[in-house]
Each structure stands twice: as C-alpha cells, then as structure tokens.
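Naming follows writing order (A, B, C, D, E, F, G and H), and every chain is counted from residue 1.
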C-alpha cells in the first residue's frame, strides 16, 4: 500500500493525475470487504497469485461469495479442503470448474497459464498419501507447472526409488510426501542436488501421533536441502514448489 | 462472606439489628443449593455480573433450572456453548431471550445496561474465527459495551489491517482472535497503545494442534501489551475486555 | 507509516509543504539502524512507551549501544533480564540509573512520570515468586503507576488473601504471580470485579514442568476476568497492567 | 501364592494334610481361566474386595461371563464404564442389580456390607463433574462407606466451600473432583487436616487438554496432603478412599 | 477464619467477651507478615502441622527468618530441598536440629511426638531412589509415625518384594518410590489391601523424561488402591501417609 | 538391486548371457507399478516374506488390486486393519482366504508353511488387549510359527503369570501386550531369559494418552531384554518375533 | 521362587531332604541385602546373566559394594554409565577389569565366555553415535557374542550402507543406532531378513528433542522387523541382541 | 552407485574399458572409510557440494581427520557448531581458513566460487537471532551466493520491514529467522512473491519452549510460500536457499 501511495505521489508530482484523483485513489483500497471476509484483491499483484480459499470452517454460502469475488477480479480460483456440495453450486456458475475428489480441491482458470520449463516431481512413500499428493499436484498445475509423480516408493523397498534416479535428476524441484516415520525425504534428498520440499502426513497410527513423527523426522533431516511444510499440507508444498520452479 | 459477617457485627454493635437477626443473617447464605449445582447469588454483588452458565457437560434440565434461578435473582442471563434445544425451551419462559447460533450463546437482560463510553474492537484473522468472535461480541454487549468488529484481516494481507489504523486508535480495548499461527495479535499490538486480549482458536490443521500453535505464538508475543485467554474462549475475552473497558 | 504519508499528502495539497519537503519526509524513517539492531524511535509516539531491551542473547556492547540510542531519543530506559556488568557500565554514563538485582531490571527516567490514579496490586503465591513480582513492579512504576504488593498469600493458607479483601477492592488492576499449581489467580479473580493478569512462574519441580502447570491452570480459569502472560514474564504483566490502569 | 504354598507345607509337616492333598492343592490355582480372561478369585482374600470389571474394550458377552463368575465366587460385583445393554442382560439373572446411568456403573452385593464409621466426602467443582463423582460414590458405598456430597463449589465462588467447614471437618477422607484448572483440591486441602484424594476430570476445552491441566494442577499442589488418581477415575478415588477410611 | 468470627460472635452473645474484645480479636490475624513471606501461624490448628518450608528459590536469609518464626510459634520445623549452609546457620540457634544430607531435609521438634500405632512402609525400586525415600522418611517420622523401609526391590527381581509379604501386610500405609518405568507401585498394590502412595522419581534417562514415564505408569495403575504425588515428592508422600496412618 | 546388477555383470563376463540379455534384465525391475502403488515383488527374496498390506487409508479397490498382484507373485497374503467388505470381495476370488474379525486381518497362504520348532508365546495384561494379540497371532502363524497364548494376566493379580513359569520357560520368544500402565513387560522380562517384545496398547483412558503411558513404561524397562514396537502394533510384534524365532 | 518351593516340596516328598532342611532352604533367599541395595543373586540362574549396575544416581561407595558382591557370586561384572573414579578403585581389587571411556562401561569376566556362532552387527548413522555403539559392543562381547561394526553410514550417503549388503547378510542380528531423524533403521530393515534393534540417540539439536525425533521414527518404521529400545540405551540393545543371537 | 555400475556396463559394452577395469571400478567405492567415519567423497558429484561437518559430538581429532580428507578431495570445507580450538588447529594446516565466532562456522574454499546472479536476503526478527543468521550467511556465501541482510525488524515495529519493500523485491530467496513467537515469516511472506525459508530460533523463554513456539508458528503460516527448517538451523536454511537461488 505504501508503494501505491508512493506512486500516487509521483503521478501527482509529474502532473499525470490531479489532487482529486490522488485522493480518490486512496479510497479505492485493495481489498473487497464482504463483512465476514475481506477478499485481498491486491494479492495477485503483490504475490503473483490470488487469494486461495481454505474451505474448512467456512459455510458454503461464504465460500461461494468469496469465490465469485476472486473469479470476477482475478480469473483464477483455488479452493482447498472443499466439499462436493460447494463444487456443484459453483459448477452452475462456472461450468468448466474442476473438482478433484481425492484431494478435495476445486480449481478453475479462465485462461490457461503459460507453462514453466522446470518439472515439479511429486513423490509419495505410500498409497495412503495420495490425497495430499493430489492437492499438491492440483496446486502446482494451476500455477503453471509441469508435474511428474512417483507414488508408493517408501524406504521399505528402497530400490523403487533408487531405480528412478533419472526421473529424480530431471526434476527442478521435488516434493516428498510421507507419513509413518517419514524417512523418504532424507533418502531422496541424499541422492540429488535439487531442493526437496517435505510434507509429513497424518497417515499411520499410534506413535505417529497424527503426523508429528514424520514432521520431526523431516525437521531433523541429516541431509541438507530439505525444508518442511505443515502436516498434510499438499497445497503449501505445491505453492512453495511453484515459487521455486522456473 | 467475611465482609458480610463483619457488617453484621457492626450492625449488631450499633444496635441496628438484634442478636437474633444477626444469627439469622448468617443462615441466609449467598448461594442457592440445587443439589447438582450451587448457584452463586452473591456473584452479582461481588463481581458486578452474575454467574455465567457453561452449557457443555450439563443436561438441558440442569441448565434450565440454573437459568431460571439466575433470572429470578439477577435478571441477566448468559449461557455459552448452548444447543438450540435449550434455547427453545427457555424461549417459552422468556420470549425475548436471544440465541446467537454462530456463537452458541443464549443471552437475556431484563433491563438494558447503561452503555460504557469506550469501544471494544473485535478483530479476527480469518472468516473461520467468526464463531469465537461472535461469542466475545455477545458477552461484551450484554455487559454494556459498544462493540466494533474487523473480520478477516490476517497477516497474509497485512494492508487490510494497516488500512484501519483509525479504527484501531478509536478502540479502548482490542480483542484479537486468530487460529493457525496466530501472528495477528503481535502485529496489532505493535501498532497501537491499547491493551490487546488475544484469543487463540482451534482453526487450522496438522501442526496447529487444535490451537496450541496460536496459543504459544500469543504467549510469546515480542510486542508487550498482550494477554491471552484460553483457546476458542471468546466469552473470556469479552468478559475481560468489559472489565478493562471504561 | 501510511498515516504519515497521508499527512504529507494533505500538507502538500494545502501548500503547507513543498513537493521536495514531502519527498524528504519520506526518507526520514522512524527508526535508527545500528546494523545489528534497528532501534524503533517511532514506538514512543505509536505506543506511548519506548522500546524495551530484552538483554538475553545480546552482548553487553550491543545492549549499551541500544540503551544510549533510546536514552538520547526518548529519555526513558528499561532493560530486563540484565546482568550487573551492563548496569555498572551504564552507571558511568547515567549515574542515576537503577538496578533491581532481584528482578534483573535496569531502569531510568530523565523526568519523573505523571502518576496515574489507579493502583496496580501485585500478588504472589510464594516467596520464590518475588523476582518476577519485582520485574512487574519496576515496569509498572517506570510507566507511572502506583503499586501495592501482597506477597506469599498462596492458597495453602487462604485466609492470608481473604483477609485482604479491602486491599483487593482498592486496586484498579491485579497481577497474580504463582508457580507450582498456580491456583491463586482463579481464587483472587473469584473475589473481585477487577481484571486479573496472571503470570505463571517456573517455581516448582517435577510435574510443574518449568511453569507449564501454572500456565495451564491460569488458561483454564473457571472464573472469568483473567488473562495470562508468558511464564516468568513480570515485565509483560506490568506493561499490560499499565495499559489497563487509568 | 507363595504364602499358600507355605501353608500347604506347614499343614503337610504337621500331618494335617497328606502329600497327595498338598500336591492337589497346588493345582487348585486361585483364578478361573475363561480363555479370554483369568478371573482373579484370590483377590477377595488378598485385597479385601473382588476384581472390578472395567467394561471398555470388552464385549457384552465377555463382561457377562466374567460378572457371573465373580458373583458366584464373591457375591459382590462392580462394573465401571458399562453400557445399559449389559445391565439389562444382567438384570435378568440378578434382579436386584443396580445401574447408575450417570456414572455408568453396575453394582450388586448379595449381602449388605458392614458400614464403616468414617465419612467419605465427595466434592465437585462443577455440575459437569457429576458423572465422575457418582462413580466414586457408587464405589465407596458398595465398599461399605458412608458418603456425603458437596457438588458445584468451585473456586469461582469460594464462599460455597468456605461455608461448609463443618461438613469438611466431619469427613474422614475427602475426594475432590474438578476439571478446567482443578484448583479446588489445593483450596480444600489447605482448609482441613484430612487426606484429600484429587480427581482431575476432562471437563473443559482448549488448553485443559482433556484433563491434563487439572491433573498437573493437582500434582503440583502447594498444600501437602493431596494425592492424585487418573483423569475421570471416580472409581479409583472411591476405592482408595475406602482403603483409607476407617 | 469464618469459624473464628463465628466463635467471636457466640462469645459476644453469651457475654463472655465484650464488643471491644471481639473487634480486637478480628485484628489479630492468624499469620505473621514478614514482607517477603506471610507465615501461616494458623496452620497448626487448622491442619495439625505447621507450615513446611520449601527451600528452593528462597535466599538463606529468608529461610532462616521464616524458620525462626515457625519455631517460635509451633516448635516443629521441617525444611525440604535445603542446602547445608542453611543447616549450619540454624544449628547455631537450635543445636539439636537435624540435617539429612541425602534427602536435603532440615528437621527439628522441640517435643518428641506421640507415636502412632500404624507403620508406614517405604519401598524403593532402586538404590538411586534413596534421596526421595529419605525425604519421605524424615517427614513421616517428624509427624510421629513408625517407619519401615524396603529398598531396591524393583520388578527386575520380583522375588525381592514377593519375599516380604509379611512386611507388606504389617504396614498400615505403603509408599512406593520408583523411577524408570515405575511398575513397582502396581505390583505392590496388587499384593495387599493397604493404600499405596506412589512417588515417581526422575531416576532414569532418555524416554523416562525426568519422571514423566513413571508418573504416567502410576496414574494408569490397573490395580486400584494407588494414588500419586508429584515427581520426586518424598515430602508429599510422607505427609499424605501420615494423614492416613492411625 | 546392486547385487542383481553384479550378478548380471558376472554372467555377462562368463558368457552365460549376452549383452542384450544383460540390458533386458535391467529393465525387468523388481516391482510392479500399479500407478497408485508399486508392489515390491522383490521383497520375498530380500526379506523372506512378501509385502504386507496396511489397509488404512487405501480404498477397497486399491487393496484388492494390490492383493491380487501379491497372490499372483508370492502366494502369501497378509492384510492388516482390514474391513469385512474387502474380505468378502477377496473371498470370491480366493475361497479359502481367512478373516480374523477381532484382529481385522485377512490372511491366505497357498502352501502351508514349514513350521519352526520354537514357540512364540503371546501374553496380554487384559481382555481388552485381545484384538492386538490376535493380530500378532495371525501374523506369527502365517509366517510358520507355533503360537501359545496367555491372556489377561496383568500385574493386578501377579500370581496368574507367576503360576505359568513353565509356559514362559517353554517359549523361544515372548510377546507382551499391555495397555494402561504396561507394567507386565518388565515383570515377565524379569522372570525369564527369553527376549521380550513389548506392545503398548491404546487400552485405558485419561493419562494413558492412547498408549503413550505403556509405551514409555516399556521403553524404560528396568529389566534388560525388552524391545518395543508401535502402539497397537500386533503385526509388527508378530513379524519381529518370527524373525527371532528359530 | 515358586519353583524353588516346588522343588523343595518334591525333594521332601521323595525323602531327599528332611522337613528341617526344607524349611531352612526357604530362609536362604536368593538375594543379598546390603540395606541400600538388594543384590539379585538369583538372576544368573533365572536370566543367564547377573544383575548389571546402572551407575547413575548411585554413590561410588554403593557401586563398589554392589560390584564386589556380584563378582564374588557370579564372576561377571558390567557397570554402565560409570565414572573413571569408580573404575580406578575397582582396578585395585580386580587388576584385569576393563573401562571403555567412550561408552562409560566397566566390565570384567573371570572366565572368558563361550563364543556364539552368530554375529551381531552394530551400525551407526554418524560419528557422534559412537559412545552408544561402544556401550552396545561392550555388552554384547561380555555376553559372548562376535561383534562387527559399521560406523557413520547415515542415509545422507546411502551408498555407504548399500555397499555393505554382504556384511548385512552375514549378521544374525543388527543393531542400528541413529540420532537426528533416525531414518537408518527403516532403510537397513528394508534391505535384509534379519531382526533390527533400533536405538535412538540424543545426537542432534532443536526439534530432535534429545532423541524423541528418532525414537518416533523408529517406532513408526514402515518396514516390519524393527523393535526399539530407550534413547541412548546401547546396553539394552546389546543385551537384547545377545538374547536373540544364537 | 547403480548409475555408476550402469556406466561401467555401457563402457564395457562399447569396448571403452576391459572386463578387468570394470571389476576394478566396482571396488573403488565412493567414500573413504576412517573407521569412526565414512567420508562421502561422492557427494560433490551427486549433490554439487561436499559433505558438511557437524562438529557437535565429535572429538577435535575426529573433526580434523574428516576435514583434511574433505579438503584433499573436494577443496571446499564447511564445519558448523565448531569450537575455536578446532579452528586454531586447522589454521596451522590451512592458513587462509576462516572462523566466524558468532556463528561457530569454520569455512574454506581453495577456489573462489562462481557467483550466482540472484540475491539471498537474510532477515532476523531480533538482535539475539544473529548467530543463526551468520551461520546461514557463511553457508550461502561459501556456496557462491550474493547475500544481503536485514537484522532486527520484528513485528513489534512493523514499519522497519514495510520500509524495506524494495530490498525484499530485489531478493531471489528470503530467509526469515525469528524466535519468540516467530510471526515475521508470515508477515514477510505476505508481502512478496519470493519463496521464504523460515528458521525458528531458541531465542525466548518460558512458553517459547526453546524454539517450539516459533517452529509451530512457521509451520502454520497462513500465507503460502513458506517452508521451515529445524530450530536454530541457519546452515540448513542457507543450504536450501542456495539450491533454490539461481
């Protein structure tokens, strides 16, 4: 906002806008106030991607109002942890909108993104980690990335990942998703020179403590080149990977 | 109670009451024993506000009996974490009683309170924090405070709160309600000279651990002027704010 | 800062300042950059009290440089968790500076503050809580508050606090400091209509877990009107109390 | 068992039993093996009270088989955390069996116990603690104790318990049951010279962490004379109180 | 205190004391205010034993002042977690005062207590638990109990305790002290009909987490008849045992 | 895999295979890629037992596809934490497949295993631990072990296990399964010279924290010769026992 | 003990011993009572190895007395976590006694053990894990096992362990010792059909929480065949491995 | 390694190497075995940077031997958490080696790296976070990155960072280092479109729990684009940033 005001000041100085225009600009604040939500219309400019809607704890009505506002302003929509009910209502408005049941993501983009060159490789330790992987995939793709996947290659059968050295080398960024003991992130990181984004999942039972065990594993990675996002946070991993990918 | 006995002693000395009257007074203990509950009839005098009913873990029958006793004695009723069922039963007795579905509060006041001058400003980081905010609002208003709200101004889009400096300055006390990482309390506190009451919420997932993450954030606030209440405790924040507000 | 720019814009419009003056103003940023620290010179205006120095983790040299900057700009200095060594060095520069050995606070004020009317009452459960109480006291007094104390009145001998109802009633704000089980905050809060700021301390052993036990006790206070600050954070309690006190 | 063998040895030596009888005795082991359970028939002798059945995690069929075995052998039955379904089935066999819905206890005693002189006083902080209190009461009474109760006298209204000093003094043992911050145990213990058995409950929310908060409070009791049992363990408190009561 | 006032009131009514005497009585509050401490002179009457001094966090000077006050008023002194330095200073005043180096207790009794009939049996799992056991022993003995001990009979060699069934049976109350996994309390409790007070100790390493492991073990005792005190709290166990012992 | 390549290299050198054959071998990687899963066909060779399917978090369709692949390749199938629905579908394909409802295991073996000589003894502390014990039993038996069981011999009635010394001595490996305080593992280990595999269970309530209490107990075992697997992990205990058993 | 009595009974029956001899036998209990310790002289028979002395928390004098008793009775001595001071004192008595400075173990064996055939392989993830490995080695060797070691082969450079497949295959039991994220146990277990005993170490910082991170990793091992001992418990791992090794 | 073997196979096929040469290659394994350590000589090729030495828990002698091996092989050396003593010894061998006392890093590079274009911006919330920042800086620079710093711009004085929008925009990657509540990462991430690597520090006291509070804050960041490394892990942040920087 400071920047915006700075620009207004310069425009005023140069005569490009009048004092009246300058003051009017200041009222046009870069968010839309819906009462229960303030949709950050400025985020697209500031961060290169509009606000993403986290559906948990919001009513269907609230989500739809926010979604419409984002679509109207930015033309790109991502809703995570969404119910099918919300999708069906939005589909009536945006017939081409997509729902990934596994991941629980609703996504839509008026214009196809320009694809980046780099590849984001998404790896899971097990089959039960797929919903988190799919959330990461949906996010990465919506943000214009090429995505490859390598599912169910946990360390109990190490040859399944050792065997894919070429796939690992081809990637620009790697997302490793694992529950239980989460050892896969360390192993993958030790094999390549690419940044690894680690996502602990709540897959497991007992002393996995709903993801605390793999979270700690990943935080204590003896192999440098690993950074961690929240438990089950496929979206965050996809988003971070996209910022890193070129 | 010691005070009461003290007063009785003085009255006795001055001849205002007889010995018999003094002893009778001692039997008139300042609470009503319902067996399963001892309603604290003395609280209004001692604390300026009657006992508030926390509905969780009580049966509908128990709540209604307690509520009736408080209404009869004090004329002000606040029930938190209540089910609609209880509300409907109480509505038959007190037709003007209010239920805030979002917050889960039942409230009623025979006589409108004298409004205080100061404003309590309630801020939330996200839309999902609204139920907690509404509990704080219902509590504050029932206790005679003017309330303003500023919802969904979390630190992901900081300009939404920086933009409201005037609203912040106008407030006498500020309640900041946030889940996930709960960073908003620190940020708001750093901007103003008003006391900030921080309420961590259980909004979030994974390593937010049902509110532990924002609770710790708020306890470790690098900006002084912040004190914290329990996770999701909108009522406690509203009550504390009311004690502070003038 | 937005406000400042706003004001510059208005002054520019009204002709009170020239465009050159306006741009110059923008360069005069409200903090002093010492490299290892950015002293927030603007805080006095924004928050009514200058930056307070938390000595832990800073070298003596760093603390002294920051202290001198704050003294030069604001004339009020508070350093918490300080070593005597730092005090002795500062005493050569500011002969009237004070050191509270118990609390570990260094404090100085060029001009005596205007005393507020309200009283801050500081209560401890035990004798071992005194260092935290003294930190709260030093902070409160430096900020212009009258302070009363009531030490060692823990719930093991409840009459020691019940006996002081008049002292409790006289206070405008109450700080309750307790380790071990920290039950005193609930008890005091139940007796009066004043806001209670609770400070858990690390006094205790075993399952007190260095203050976690009283912290949880205070967060779960069944009596409303209590808000909590960090373990051993006497400074934070004194600061918050001062914001609330009138 | 060693003792039993010892006695057998002595009997053998004295000629009271033959070698054959001695060896046969050794086969008559003091428990009944039901396959899925080994009912400890020896417990009545060893501990003065038969095995108590914890219903959680057992099927109705298993519970009933165990119950029948205990009834046949000892004539005293206590089942905790039981469902009504089990009660109804047992009622067909033992028409006088009792079910306390609140506490979830099924209890039966063929012969009324000899009543002890001492009184067990059961105190709760709130109304929501009643199920735990009722479990303690059912246990204490089945074990032959006189029980008095004092419900809903939490520290938010301290006069409710201060007012009952005579009831406190009359008791031989006191059970204090409290959730949230659990401060009542410390307070009660500070008032009397009787042992206090503290029971933390899972009543509360947020940072009460399903009973951890009151558990820690009670473990760190600054007033000596308090010992603690598991969260919500009314049965354990009643049992321990009965061992202590005379 | 309420009682005291009650008695004053009665005396006043019966003419035994004048109004002036009654009011004077009220000023004679039952504690001694030393500023940094309020010594609870009333505790002896109320609880049958004077205040016990927990030395941690108090200066030597503070401890000695408190100790002298207690000695003057009650003639019985117990200081726990004390340094030898304090003992040596007190020894000059009270030449017969005792110091148990192992336990860190300082104790003194002007008059020998009347011995109770019952025996308190103190059991430890290992040799490293001795300091805690000695604290329990010093406390129990000072309170007039006969004490027997059974040290180093942990469950790794179960016969060491099974072998002492007669000693177990002879006791009126049993204190079981154990670190590491703390299983001994369950085992002992399963063998006898006496109340068992369990003391977890911080003996162990790694996943014993300074006593959390045995604390949890003891809280979850499958054998009823066990109650728990704080980690390393030999004093609390001895005190509780003494209240229970007859 | 390195080994495999090594062998290929040797075969190539010796002329046993052609270069073309060598390269083809390298493509025949030792797992089957189903997209959502990579079934480790090599595990049977490497570890002596095929991949075991953990059903949680997998769809019925996924489980069945994986199961069919394993059956086709190895002829031995073990699915843990399975629903009946999956069993019924598999039963149509493999009519002799078994489902243990208690344990939730589906198991099948085309050819009966060669039985080992040693006995695995499975002990539980209580009846509620049976599902975990049955999972261990199903696993051990499928892997070709003789299994004996000793259920409900917890330390509250120690004679039930002391009485079975001969059974304990007969075993080659012992699995001890216990919830609540989990003390049985220490006790059993102290009696024999056999390795004890301890399985904490989530049986209990309150401070058992869904198995953390017995987990810590077992980790801190004062008697050497105990190693621990995850909470409720009957499968892991059975598998480990089978590796150890001879 | 029951067995012993059983045997006495049989001997009595058969006339091999007299009644007087039988009763005398019962007095000759299988431990030596030193007051502060009860040395378990029976353990050698029962468990195949005498009591091991854990030095932490015992005085040098206590350790030496216990050590002498064990040497006299069993001729095999192992002291863990010992100081050099104790070693030097014991060396005067037993000149051939050994001290492993790294591991902190004192060990001695009058007669060399009969070596078992199997090999125990001890693997560490890093160099800092060596003290724990050396404790495991000293224990294993004293118990008559052949030991091989493979140090510093953590997953950051996986080829270091993949390269040693032959060494892995040769072992009968494998001990894997790792701090930080502890992933090595899963990886090793996935490669072989041997039982893996995992030892988490306190090596690491921050979120390794003194060994909690690798402990959880190892408990949640996705590859079956792993069991875990306490943090830094090299002794326990060596002891368990020796029981398993043949 | 598999790749290496692959290449050997190809070379063999094409005739570039003989069978003998191929087999010899297989013996030349890519690490140097020092007994206590296996220095990973292959890492430079595989990951683009040699093994980094974590000094904690290693003896000076071990560190120096490892360091010499790495220098000989790769010519780039980084030792973290090092003591001055080690530096002084290495300085005699490598006179140009550098020691950053604040960060505890020893670093050396035979040849200056080729500088990347992108800038890594390192931000700290406070002055006490500097040692961690300096570790990140030393790491980043050794890996060939341009580094800028912005120290002490915590959220208590938000304008200090808002004021540096241009510096933020200029960076390619941002490292945010913060203790206490760690809110700065969220705030910075919300302002820019660059990936933010968050480092929680152990700066703080009480409920910061040695870095757990900021760790959780950063994991729960409401603003996407943040990934987290271990507490105080400046090295890991610098390393990850370098992989991402271009």
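Operating definition for what follows: a contact is a pair of C-beta atoms (placed from the backbone, for glycine too) under 8 Å apart; a residue touches a chain by one contact, two chains touch by 3 or more.
If you're wondering where the values come from, they're calculated on a predicted model, not measured in any experiment.
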Chain F reached from chain A - shortest hop count over touching chains: 1
Interface with more contacting C-beta pairs, comparing E-G to A-H: A-H
Reference interface B-C: repeating pair among A-H, B-D or A-F with over half of contacts shared: A-H
Most distant chain from chain H by Cα centroid: D
Chain whose average C-alpha position is farthest from chain C's own: F
Rounded Å distance between chain B and chain H, as computed from the means of their C-alpha atoms: 49
Averaged-CA centre spacing for the pair chain E and chain D, given as whole angstrom: 25
Mean-CA-position distance for chain H and chain C (Å): 38
Euclidean distance of C-alpha centroids - chain D vs chain G, Å: 40
Two or more partner chains touched - positions in chain B: 1-2, 126, 156-157, 162-163, 190-191, 206-208, 212, 215, 219-221, 230-231
Interfacial residue positions of chain B with respect to chain H in the complex: 125-126, 154-158, 162, 180-183, 186-187, 189-191, 204, 206-209, 212-214, 216-223
Complex interface listing, chain B residues touching chain D: 1, 29-31, 35-38, 40, 42-43, 51, 54, 56-58, 62, 66, 81, 200, 202, 210-212, 215, 230-233
Chain H partner contacts - residues on chain G that touch it in the complex: 126-130, 151-153, 156-157, 159-160, 162-163, 203, 205-208
Of all residues in chain G, those that touch chain F in their complex: 2-3, 46-49, 52, 162-163, 165, 190-195, 197, 215, 219-221, 224-231, 235-237, 239-240, 243-244, 246
